[in-house]
């Protein structure tokens, strides 16, 4: 959770951190300084962490964090060095605290820091079109092209030999070398993650990035959302066709080929050398193995092991699908 | 059908109104002035109305309109105060007459009235990006943001505390307060409504609006078409993910959550507290109840009563779908 | 394969043409000048052609080309006037040679030739918005409108009475008369065609066009890719709704109606008077007859004969589909 792009507003005193949570707290802790909010594994003794599901109890037992947002049912799993802060809904409370440390990660208003590339140092090293805007904290490598009306918003790093087309909007994104992005893409906006609350939903922070590895191609009209607590990753030499939607925290392997209008829901992990046909949809939190082939139009709602070919809705072995649908 | 945005070119004489319809008419009526074309219920004695389906006969019996476009088979349902104008195709004739009253509602050319926000009074009250354009008949409330390259075309009203991202195009739309629209959306264009005619289809008028209620969020790449004779409505605190298509006359309730790449066809009505999974499609003219859950990838082709969970194509009870597809 | 838009860099000597193919060649041919690469039928004696599948053997027998890229198994079909150049993978080799003749057809970087319409002769004959850019080799007929931020990139011909909306990007496209293109479309980019190679896919050339015939309408957010070796064609008076994806080499007939979010994969041929419901998908290399109706959400994976109504995934006779899914 250490973060290259979102400014950590810590350290904050514990009293400030838990103010919104309505927790009674021994007065001896309230001035303790908390540096960051991190997951169970990466926390240090200066951090606060969170523990919301029994699945993670082995990590919980070993956490180095001094404080942990958790429930009554789970708190016994924590080690002695870690004080449980018991709340009703761990994720809502974690969201509230992350918002304190990273207030800029909640809402994605337009980037007011973006100004004409002609007013920046990039004007001499980048080949660019009309009306290109560049935000703060942007780096661009050598031999790059940036097309007309494209907005490289804040917190973007672009490698060497990249071709970015026209009308794109990119923020909070690491683009490696030899990457090609066509036109009309929106990359790095927050994902569709929030707590549904009547009359006023509550967004949770998205402090992750989008990472696009070497030699990828992204087709026209893509939307690729940045991660919430982890990153959204497009692996090396993976090609995306037009009108594809990649939700937050998705990770795609190398040499994968994804045809038009495919959608991949949040936190799913796609292997390497995978082929996905047009308009297929993949539900959230799934694991798709390496060398998998998914037929066009499929709806994938379960994990798929390596090397399997599937088709259908819900997706099943492709031979079975075709036999049943002669 | 009273209309805040499209200028009514009436009153028109009846002879002018029915000129294109090839109707023989008692000469005593031909100079009668007609103020507007409205539906059976809202018409007054100065208006012309239309009646094309037996479904509406109870409304027809009580209409206050002095003239009604209808068929030979239906005309007997009309009250004495209302003269039947018998045509072969009621909707084509209604379309032709609406075009006379609202000629600007047929074709959506680019808005030639739009000019730089720097040349308008908004420059001092709105936080805005580069290259923002504003058309005529636009109002914007307090504390609003409008991102780079966004075009607020003619006939748009934006409330307070709204955040409009970059590269959006919006026309004929009422946006209430605390609404967030991300990037690359096209909102308020005419719907996909026309009479198919060989070699030259005939568009029918779209004099409705898009209305986006308080605290909504609209994701990247949305297309939301304005209504034809009624409005397209997104209810309070409803959230739309990326790449969603909402067709003309659709009405969505409050607190509804719609995931990426969903499409809702024309005139369907979606309840409140509904959840719709990614890539689901909903056919036109359907009624989806409150608290309904629709699984990702579903194709909904029938009405769904309140509180039901469905999945599949065609969508059915989700338990049945999962049992059949273990 | 004669091409109005992509410059042919021929003639090239045969030794140059086959340099990358590792072919041993009688020295008497190596200085022979090759004018172009064409298909078996249209080649003349100055051209090189390619023959990769037994399906085309009747064309191969009659080709006028002097040289032909082919395989050991197929070479016997060629006539005496045509020398076989035997390679392992005909399409990869053809791609490499086409790249030599048409190097600009491989990568679609942003159009550096585009400049403000105010600096062109079009400023007096076209009605245009703010920030409109025009590339080289563009023609525009009379009474046309081009909306704000639209980029007419290089190699575009627009007929009379066309209305192009805002935020569009168009290249390598012939638009006939009375065509309406709404907003946010990307038309004429290369298709999703490449040879998958580990760590570095190899794109093949796209020297085809997009052709949009008279009186078509293209909705918001469309992506229509140009052809690779043939053209992508939208027939007369065909209407496309919003968010439609048309892949390379697709040919659509006249008076066809395609609803929102439909996707048509590469090289499929759609007839005239066809109706396609929302979110339907059509696989590549299929033939859909005239007067066909395809229900919303369908996944079409087989050819469909004239006059048939289908629905489902995979699509089948609509009556059967509805009976099975009561």
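Residue numbering begins at 1 within each chain, and the chains themselves are lettered A, B and C in the order written.
Convention: a contact is a pair of C-beta atoms (placed from the backbone, for glycine too) under 8 Å apart; a residue touches a chain by one contact, two chains touch by 3 or more.
None of these values were measured; they are calculated from a predicted model.
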*Between chain B and chain A, is it the same set of residue numbers doing the touching on each side, over half shared, or a different set?*
different
*If you fit chain B onto chain C using only Cα atoms, how far does it have to rotate, to the nearest 5°?*
120
_chain A-chain B separation of Cα centroids, rounded to whole Å_ = 35
*Which residues of chain B are in contact with two or more other chains?*
131, 149, 167, 184, 221, 243, 261, 279, 313
*Flag every residue of chain C that touches chain A in the complex, lowest number first.*
107-112, 114-116, 131, 133, 149, 151, 167, 169, 184, 186, 189, 192, 194, 196, 198-201, 221, 223, 225, 243, 245, 247, 261, 263, 265, 279, 281, 283, 299, 301, 313-314, 316
*asked:* Residue numbers of chain A touching chain C in their complex, please.
replied: 127, 129-131, 145-149, 163-167, 180, 182-184, 215, 217, 219-221, 236-237, 239, 241-243, 254-255, 257, 259-261, 277-279, 296-297, 312-313, 325
